[in-house]
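Order of writing sets the labels: A, B, C, D, E and F. Residues in every chain begin at 1.
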Amino acid sequence: MDKVLELWQASGIYNISFGQFVMIVIGLLLLFLAIRKNFEPLLLVPIGFGGILANIPEAGLAFSAVENAIHFASPELMAQFANIFGITSTDPHDVLHAYHVSNPSTHAAASLLANDSGYNNGMLYNFYSVAIASGVAPLVIFMGVGAMTDFGPLLANPKTLFLGAAAQFGIFATVLGAVGLTQLGIMDFSIQDAAAIGIIGGADGPTAIYVASLLSPQLLGAIAVAAYSYMALVPLIQPPIMRALTTESERQIKMVQLRHISKTEKILFPICLLVLVALLLPDAAPLLGMFCFGNLMRECGVVDRLSDTAQNALINIVTIFLGLSVGSKLSADKFLDLQTLGILVLGIVAFGIGTACGVIMAKIMNKMAGGNAINPLIGSAGVSAVPMAARVSNKLGLEANSQNFLLMHAMGPNVAGVIGSAVAAGVMIKFVS
Amino acid sequence: MDKVLELWQASGIYNISFGQFVMIVIGLLLLFLAIRKNFEPLLLVPIGFGGILANIPEAGLAFSAVENAIHFASPELMAQFANIFGITSTDPHDVLHAYHVSNPSTHAAASLLANDSGYNNGMLYNFYSVAIASGVAPLVIFMGVGAMTDFGPLLANPKTLFLGAAAQFGIFATVLGAVGLTQLGIMDFSIQDAAAIGIIGGADGPTAIYVASLLSPQLLGAIAVAAYSYMALVPLIQPPIMRALTTESERQIKMVQLRHISKTEKILFPICLLVLVALLLPDAAPLLGMFCFGNLMRECGVVDRLSDTAQNALINIVTIFLGLSVGSKLSADKFLDLQTLGILVLGIVAFGIGTACGVIMAKIMNKMAGGNAINPLIGSAGVSAVPMAARVSNKLGLEANSQNFLLMHAMGPNVAGVIGSAVAAGVMIKFVS
Amino acid sequence: MDKVLELWQASGIYNISFGQFVMIVIGLLLLFLAIRKNFEPLLLVPIGFGGILANIPEAGLAFSAVENAIHFASPELMAQFANIFGITSTDPHDVLHAYHVSNPSTHAAASLLANDSGYNNGMLYNFYSVAIASGVAPLVIFMGVGAMTDFGPLLANPKTLFLGAAAQFGIFATVLGAVGLTQLGIMDFSIQDAAAIGIIGGADGPTAIYVASLLSPQLLGAIAVAAYSYMALVPLIQPPIMRALTTESERQIKMVQLRHISKTEKILFPICLLVLVALLLPDAAPLLGMFCFGNLMRECGVVDRLSDTAQNALINIVTIFLGLSVGSKLSADKFLDLQTLGILVLGIVAFGIGTACGVIMAKIMNKMAGGNAINPLIGSAGVSAVPMAARVSNKLGLEANSQNFLLMHAMGPNVAGVIGSAVAAGVMIKFVS
Amino acid sequence: MNNLLSEGLGLMVFGMGFVFLFLTLLVFVTGFMSKLVMKYEPAPKPKAAKPLPNSAGKAVAQGGNDELVAVITAAVHKYRS
Amino acid sequence: MNNLLSEGLGLMVFGMGFVFLFLTLLVFVTGFMSKLVMKYEPAPKPKAAKPLPNSAGKAVAQGGNDELVAVITAAVHKYRS
Amino acid sequence: MNNLLSEGLGLMVFGMGFVFLFLTLLVFVTGFMSKLVMKYEPAPKPKAAKPLPNSAGKAVAQGGNDELVAVITAAVHKYRS
């Protein structure tokens, strides 16, 4: 009978907190959006599922050995932890907080103590450590994205890079918004938090996850969910802004057909980009380096088997673990916070501003060139959200004129936006980490 | 000439122990069974090969840096190890024993000393640490198995879950058997050992390896070999038991055709299962969570590329390293033991009891429902051993009546048995770890 | 304005050293050779790209946390490092040198200090640690190579193993050359360095990387680049040597058609080889063990899905990271050295001697057997460089007689050369590590 | 009775009990879920028309297996006839 | 003005400036590179003639090899004859 | 003679010797194994009849995707017409 009682007291029903219940519902909601509404399912299915797993009461899947030990600890063990962290209180909350702010060598000591006492890292915590904390998963995905990216449209019309630059204003405006909210006392974001939130406006999942893991890991869950959700909502978010900022005749502008791009140009482009990164912004080297590497494997034509693996088996494997790892950051104590609401609001503002700036930049370029070379609808594709944003540009172009195919033209700013937000990420990492 | 002597004294022939010789022969036997007799070759080829590698004299592939250091150590180094472990004896056996019973922080200190002295972990030891000791390989394989599992037949006839439950009696009866043998002084199993041995009766490889790695790592080699061997022997083990417990007319029972299962039901099933696990048995969350995740990826229809990778590249990669890692536990000093004999005997008893209980449960269900809804032959499939056990049910059904196709009906209890043994594994982990 | 200055002072242009510039040019050259000249592109594209990444100024991608910390360190931090390494100087060069010669436990302490101070390992350093320092990547590639190797031609004419043995003389002659240059005061190689350089003559990439990572990690970059470059140059290096050592009539020798090899023989061969390794040279067990395992998976016919994954997804994934990791050893301070020139010269000498010895051995075998059973042109294939060297033999055979197809006959010594250099590697590891 | 034996017995009684409890609950939850689904999504639209391309795609996507050979053979037969 | 806000503002002005600078440079470098390439490699040889084998080759290259094409061709031949 | 040089010489003589010894043993072991196999499994049953499906299965098993089906279909179309 003892055992029945023990099992009951260790069961989920007995232990579930309101926060965990809400987070499990949110995980189910993410699964619903991914499966039924097709919201970036490749990421949101693993993230949603990981979020549910992370909130299973008593399983501690998302916690480190030390966190699990503190959760279950006897008074003696708690005193030993307090001793390691150099605090006098043995209240679990204080010990936990001291653990979170301690440095790596103290972490290592506490981990050994937890292991000695029989506690282990949860499965998702291990996934997070290997995949995200090490930085490897977003970089490998970026390599795969590079191997899937065709820079042909960009090379045919390099000026569209300016559109990709302009759309990054969403990122920095959001940073300002985040520090403004803090200034007003509404939120409490550090400059690191603000930078990590801003990068949502880059509309690029791996970049957002990479930056958040470096600058503000505790917000990573909310940032990744916001980034992928809004990328899925691009067809709803962008059109009203695009329509508001363009006239009917602007939307009808037909663009000249793109020139043929030779193999050699495609091979040399990632190398040029890499050299520029090396010379100007070393902090963007991991992200853009892996991206260029993937693209070079794609275009060079002599390592097709590596390129195919980077685009298929490897990126799929990494996506599974990246998603589950992001889900591990959806534990109730980290996600159910006013900050998450702030992140969601700021994120959509970032998308909106980025879209608007891309469109406006296109109009300015037309003005400056004194012609109608660019349909402003392709400016919105500068936020990235590849290839969704380019499709939205195409759709609105077709609405204005059923013969106006903008897809290929919009792919230029679309991939430029990826480069732009990676450069912005490098600047952030340089100055606020 | 010195060099010749040195090489000769470091060669395998010079150093091979009788135990190593026997284990290499056992490894070759496993390869023979796998290749010629088709005994679960996907696992037994890597396990058998790993077993041979683990027993190459002086190579130390299956040993940690510390074990290798102790094997070759100078008296001074041995004294340092003794000092770390807090013992006075510097006899290699005593030092080795002290190492095996020491806690993780002592392990870490001893490892650094071994590294400083120029010794390293063997290749297979590293594979084992990364793949099995971390828990990741069995979980990833379980995810892949989930992605390969069709719960349609189970959903069409959920009552077959009872058959999957009943067949798990083999697990617990074997636990009792193991403690009984210890009680009688024939064997010397702890309750952890007994639980790990019992799980062989679950007839599910990754579950057995996962549980053994947590509860009784030193028995893992024998347990895995027993589990996979008996799964391969299911067509020999089960039929006599099934025939003995059923009458000819029972074996001729035809079952009604299964109803069509909608996509939505298939999507919701893994989520229902996950929620139930979360609420009732958090300790089964890693195993069943990954299983449900794999199945959700399969059924949701929006992440086919992830599901395909989970079923192919990923599970294959992990299988290779899991097999070699299990093989690393086939070193002579761990495997050539009376305990292994006990495990092999108890394992086959577990299979037999599980089979019998499944069949008997089917007969009880027919009695209670007052009809002939269930052919008792499908009860035996409740032990898992997917899909071998279901095929055995089908074969015996066809023998009784050449028009009696039981395969689909037997798939229900077959996959129910996977869930049942994972639940049993959770209970074990909860109570005896 | 401060920020602009700061960014400028952190930029690549501001910081690039002459060495880094040269290394980036060398990286671009490797990419050119790989892409345009088809020099072993599967390896040289990742190696060249990794070499560029490793030399991005200030990015520190190829450096450990400690190296990065020392590069940027404040005087206080430097004093702490000096304290850990037990030196009094706080000059960065001295501290760095003390770090490089310190033992693993000091390394661990220094790493924690660097982490505490906010420095982290570079991306490529992590790749190197996981892929090469652990030994796993070359071994997994060797497994894949085993799974791609057909030993049929070798089994049909086992005497060609002697050709594979003779060609390994290139390895040992080069070792002697390297110590000779040191003796003459021209170079400064230790016996470990000499052994690692010699293995270039094995003409087998993973073997060379594996041996260099164990014996002489600081030379790994140059050794790998030399090995792959010369493998690509085999069609230029070998023919003059082959022509010089053979007469026209010898080149016209037609060989008898190879007998059919049964499945069973192909299955048993890797097992025989493994047993021989186990009995005679345990130090070659990791390399040849994985090679035999791959080949057994290929031939046994019951684990095709594992064999296919080993030949495709797995080997491709590992190749990407192995290449980038090798590239990390192309940082200016490690590569731009007189030693590299010595390695390049010795490497080509090794290829030449190996080729010559293979051809001469074939002629000796003809003499001893008193017949013309062997066309000496296939002797050169004994250096490995699979399958390039065999193709070269075939081409020269066809030049001499347009009906003389030597490809299959040359595949025997070709794969024998792989075994031979792995055996030589085992001897090196045994005696000089 | 000895401690180890009683532990084993306890584990057996209790473990089997829990396995049955869990799977019984699963039977009910599954049945309830199926009923709900069938209520709100009644007609299992027959898509028998396109099984071939479907299963062909799937067989191939799964890294391939014997089925594919069958598929190719079938395709060849079909197009040949 | 508060420190945090000024930091945010600085980051914005400076970050946007750098992004534009970088991409502007990229425009020039790319244009220069393209011009060079077009100068030394003028005619984009039309290869429209062999798209089919090409894409077939690609599909196969993804984990496969030339042999497959041969196999398919052989299969087709066999069943066709 | 200096120590390093003698070490190098020793390594050469000894290493080459061992390589030859090892491969010579391998020649004998392989020959013995082949003889045994040929004795107990004399007739290499000619299976020339079914190499095609076999190798097709293998080639396909190495990855593959929907494109392949398209390729096959296209190939079939082409050869049939």
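Operating definition for what follows: a residue touches a chain if its C-beta (ideal position, glycine included) is under 8 Å from a C-beta of that chain, and two chains touch if they have at least 3 such contacts.
It should be emphasised that the depicted structure is a prediction, and the values quoted were computed from it without experimental measurement.
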Chain-contact steps, minimal, separating chain D from chain B: 1
Most distant chain from chain A, judged by the mean position of its C-alpha atoms: F
Taking each chain's C-alpha mean as its centre, the one farthest from chain C: D
Listed pair (A-D, B-D or C-E) duplicating the A-E contact set, over half by residue number: B-D
Between chain B and chain F, centroid-to-centroid distance (C-alpha), Å: 32
Computed distance of Cα centres, chain E from chain B, in Å: 46
Centroid spacing, where centroids are CA-atom means, of chain B and chain C in whole angstrom: 38
Chain E: positions in contact with at least two other chains: 14, 18, 58, 62-63, 72, 75-76, 80
Residue numbers of chain C (touch at least two other chains): 3, 7, 280-281, 305, 308, 312-313, 427, 431
Complex contact set, residues of chain E against chain A: 2, 4-5, 7-9, 11-12, 14-16, 18-20, 22-27, 29-31, 33-34, 37-38, 41, 44, 58, 61-63
Complex contacts: residues of chain B adjacent to chain D: 154-155, 158-159, 161-162, 164-165, 168-169, 171-173, 175-176, 178-180, 182-183, 190-191, 194-195, 260, 262, 264-265, 268-269, 272-273, 276, 280-281, 304, 308, 311-313, 416, 419-420, 423-424, 427-428, 431-432
In the complex, chain A residues that touch chain C: 103-105, 108, 134-136, 139, 143, 267, 271, 274-275, 277-283, 285-286, 289, 292-293, 296-297, 300-303, 305-306, 308-310, 312-314, 427, 430-431
Chain D partner contacts - residues on chain A that touch it in the complex: 3-4, 7
Touch list for chain A against partner chain B, complex: 3, 6-7, 10-13, 16, 24, 28, 31, 34-35, 38, 41-42, 45-46, 49, 52-53, 55-59, 61, 112-113, 115-116, 123, 126, 312-313, 316-317, 319-320, 324
